[in-house]
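Below is the structure I would like to discuss, written out as structure tokens.
For clarity, chains are labelled A, B, C and D in written order, and residue numbers in each chain start from 1.
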Amino acid sequence: MHILISNDDGYLAQGINALANALAQHAKVSVVCPDKNRSAASNSLTLDMPLRATLCDNGFVRVDGTPTDCVHLAITGLLEHEPDMVFAGINHGANLGDDVLYSGTVAAATEGRFLGLPAVAISLVGSDPKHFDTAAEVAVTLMRKIQAYPLPQDTLLNVNVPDLPLDQIKGLLSTRLGQRHKAEAVIRTNDPRGHTIYWVGPPGCEQDAGPGTDFDAIRNGYVSITPLQLDLTRYDRMEGLREWLALET
Amino acid sequence: MHILISNDDGYLAQGINALANALAQHAKVSVVCPDKNRSAASNSLTLDMPLRATLCDNGFVRVDGTPTDCVHLAITGLLEHEPDMVFAGINHGANLGDDVLYSGTVAAATEGRFLGLPAVAISLVGSDPKHFDTAAEVAVTLMRKIQAYPLPQDTLLNVNVPDLPLDQIKGLLSTRLGQRHKAEAVIRTNDPRGHTIYWVGPPGCEQDAGPGTDFDAIRNGYVSITPLQLDLTRYDRMEGLREWLALET
Amino acid sequence: MHILISNDDGYLAQGINALANALAQHAKVSVVCPDKNRSAASNSLTLDMPLRATLCDNGFVRVDGTPTDCVHLAITGLLEHEPDMVFAGINHGANLGDDVLYSGTVAAATEGRFLGLPAVAISLVGSDPKHFDTAAEVAVTLMRKIQAYPLPQDTLLNVNVPDLPLDQIKGLLSTRLGQRHKAEAVIRTNDPRGHTIYWVGPPGCEQDAGPGTDFDAIRNGYVSITPLQLDLTRYDRMEGLREWLALET
Amino acid sequence: MHILISNDDGYLAQGINALANALAQHAKVSVVCPDKNRSAASNSLTLDMPLRATLCDNGFVRVDGTPTDCVHLAITGLLEHEPDMVFAGINHGANLGDDVLYSGTVAAATEGRFLGLPAVAISLVGSDPKHFDTAAEVAVTLMRKIQAYPLPQDTLLNVNVPDLPLDQIKGLLSTRLGQRHKAEAVIRTNDPRGHTIYWVGPPGCEQDAGPGTDFDAIRNGYVSITPLQLDLTRYDRMEGLREWLALET
């Protein structure tokens, strides 16, 4: 068993170190991850500049690119042997509901799945979370399960873990993504030279967060596991679109 | 009718100028787009640095951020009046099949849809495409149709236009995304100082490109229109995942 | 006569357009400059990434690099014919006293001088200066003079022009660099996510700005012209250093 | 004695670790340096974006900015107590002759001197140098000497150390900067997508490298110490410039 590990918080983050240490006790691990924080990088891929990969003292390989770059680079050429699965994380903070669109952690897993491998994104909920050992233990459980019972090829798992000691976790739930309200307004301010600058505002609050959603699972002390798809086609709208296109204007 | 226009090729690109000129003949347009090429930026959002917006001579606003930043900024604070819909493009080159995961053009439309507006991403197929007027005409047609017959809220349109004169276009087809083969290997080489560098390789060839796909529509001279979803939950795997989680290891 | 023009405010700046237009009436000009504002770039040179050069509609070549990159690229390979001299500017704002250490405009001229060409950096004083035509006229005067009477090889000219109509300029003065007081403290604040950020503070006020300095010339309505050197050796300290090294500790 | 240490190779570089360890045995040290390689950054200062400072496990503070940013930030606000002197390095590779114009290491020392402190830039010669302990020992020697016998305020020291065991070093020489030949041509090539890219070429060979120069000292096994100046005015050309300006054209 050979596991590729990446993240979006960069190679110094506590989360990826906890994940690598835990999985390394059960499998060969290769860590290829960004050289700095690349949160909210989404599936951004670096096409117009070359990438550099540097071997760190602890055996990690850090890359001056996005999470997607790291996984892409690792699988399509950097690693001598192709890994058997990809784990991304442990993200410092939740990737719930609409967050997944922007998340670099989910993107790293997506790239793994897209390149043919089982893939898991794992995040520890909270603004300054502590229980990385809990999330690492969940990762080990999922790794073993995937080894025993393969996952469908067209699915990746988005896992969010409550920031609790392991013995307070109530279980693992299959969830759907909830939704947030529209994001808050941009914050307009001035730099010290008097020029206008804008900061992207905070994400919106939970809007659709009822039973069955990832938000609800976390709130109730469960690990939330959402199956995500790679194919963005909205199949159930194809027929409606056909009719719409035929309408006269 | 007030239309927000953005892209990922930057404010100097021929495509966004063609799109803005065409739509401006039928509606008020506001252009807010990157100050340079940000292709393959995906839904990347700039959270850790401020953004700057500059009014150009031609009335465009250029932003030193990603396509998602531009649309986010425009809708959540920069524009005095909220627009009625979002058009992204005209992208220089296709966004077919798996391309949509990485595309900054599709991401710009996604952000518009996510913030509550009808949204269309439009791309002109080809490595150095010429017929921007064709794609602009398609954009005008879709704008009018959306005005007359609203689109479902949870859907955005990914439009690809063959690089042909308008009178050679055979029609508009509702399609699903095809799939490419796995990407080519990274290209490993040296910089002039003897250090190893890596370039992300070209995308794979078409793999799933049969009837019904966007690839097939383009190949046959049709405009391909694929309904995309924002909710990445793979609903039809939720029950299977529930059972999988219950398996003993 | 063939003049290379660059700047640090980017190819859209009013200053470089005014300079190029004025010099083009008397010589062939080639403009190679940054694709965005690169103020305070100093002599920064891009060694670890490749550069891209794009021909703009107005004939300028914009480069995704620093001012030094632009001049280096132009002279060592991009231009078909080597230019006869280099003009950098017109900078939006002063480059007086210690500013020259950080200035990208001065650096562009330095690179030209370093690569063997007569070089002039020209700046228009003020926080939002208006009289670019005055500075452009000064540039034309200096270009003609250099053509008629060559400058010493190891000198470049740092020119600052008061923001006044041409007929209010009192003349051209040979000056030395003044000095500013120590810079103001960094500005410590928080980003909207509560993380500490720092902004470099404003430069200090004038400290050594008496008769003979560039500050004094400007204050009195003169164009200030300071001869700058490329060789940073402090020759008059070499002997003292020799003795210092021989001291016992 | 409190010493501020910075560099341009980034906080992970062997050189800065060797320097910090050696000086820490004789003084309090504060390390504030870039979070990644910023070679050839020159005196570049970040004015348009905020900086972030992160405390590392080993007590270093890493900053997402240039060497000049680091020293500026440290002295004008980050450090609780102002340091007594600044050491920059140990640079991996020489900073000889014209290199000093571009060097981030020299720039870090320059910023320290500019803000009022004795400052030393120290570099270990060679393309992959090994004897960091030699350079560290030279740094300790200079630190003690500056403590005992102050340096003139308007001078900083640019130190280059041969890559030799300490007992093979012949001594310390006061030198002037030599000169290189004009840089090699840019390297024009294509990226894998067929677009033209340019790499800055290698520096030129030694041109003025005779007795008295830094090049010559190194070649003969001596530590080269060049006094550098902050005031770029070429005083001995001021009178000539005055006459030149008076010439008729």
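By our rule, a residue touches a chain if its C-beta (ideal position, glycine included) is under 8 Å from a C-beta of that chain, and two chains touch if they have at least 3 such contacts.
Chain labels with UniProt names: A, B, C, D = 5'-nucleotidase SurE.
Model, not experiment: these values are computed from the prediction.
The set of chains in contact with chain B (5'-nucleotidase SurE) as well as chain C (5'-nucleotidase SurE) comprises A, D.
For the two copies, chain C (5'-nucleotidase SurE) and chain D (5'-nucleotidase SurE), the CA superposition rotation is 180 degrees, given to the nearest 5.
Of the chain pairs B-C, A-C or C-D, the one whose interface repeats that of B-D, sharing more than half of its contact pairs by residue number, is A-C. Between the Cα centres of chain A (5'-nucleotidase SurE) and chain B (5'-nucleotidase SurE) there is a gap of 22 Å.
Centroids of chain A (5'-nucleotidase SurE) and chain C (5'-nucleotidase SurE) (each the mean of its C-alpha atoms) stand 46 Å apart.
Separation between the centroids of chain A (5'-nucleotidase SurE) and chain D (5'-nucleotidase SurE), computed from CA atoms only, is 41 Å. Counting partners per residue, chain B (5'-nucleotidase SurE) has 47-48, 50, 52, 191, 193, 195, 199, 201 as the residues that reach two or more other chains. Chain contact topology: the protein chains form a complete graph, every chain touching every other one. Per the touch definition, chain B (5'-nucleotidase SurE) reaches chain A (5'-nucleotidase SurE) in the complex via residues 37, 39-48, 50-53, 66, 68-69, 72-73, 76-78, 98, 100-102, 107, 110, 114-116, 141, 144-145, 148-149, 151-152, 154-155, 157, 172-177, 179, 182-186, 188-189, 191, 195-201, 225-235, 237-242, 244-245, 247, 249. Taken together, the chain C (5'-nucleotidase SurE) residues at the contact with chain B (5'-nucleotidase SurE) in this complex read 12, 35-36, 47-48, 56, 64, 191, 193, 195.
Every residue of chain C (5'-nucleotidase SurE) that touches chain A (5'-nucleotidase SurE) in the complex is listed here, in rising order: 48-50, 52, 187, 191-193, 199, 201-202.
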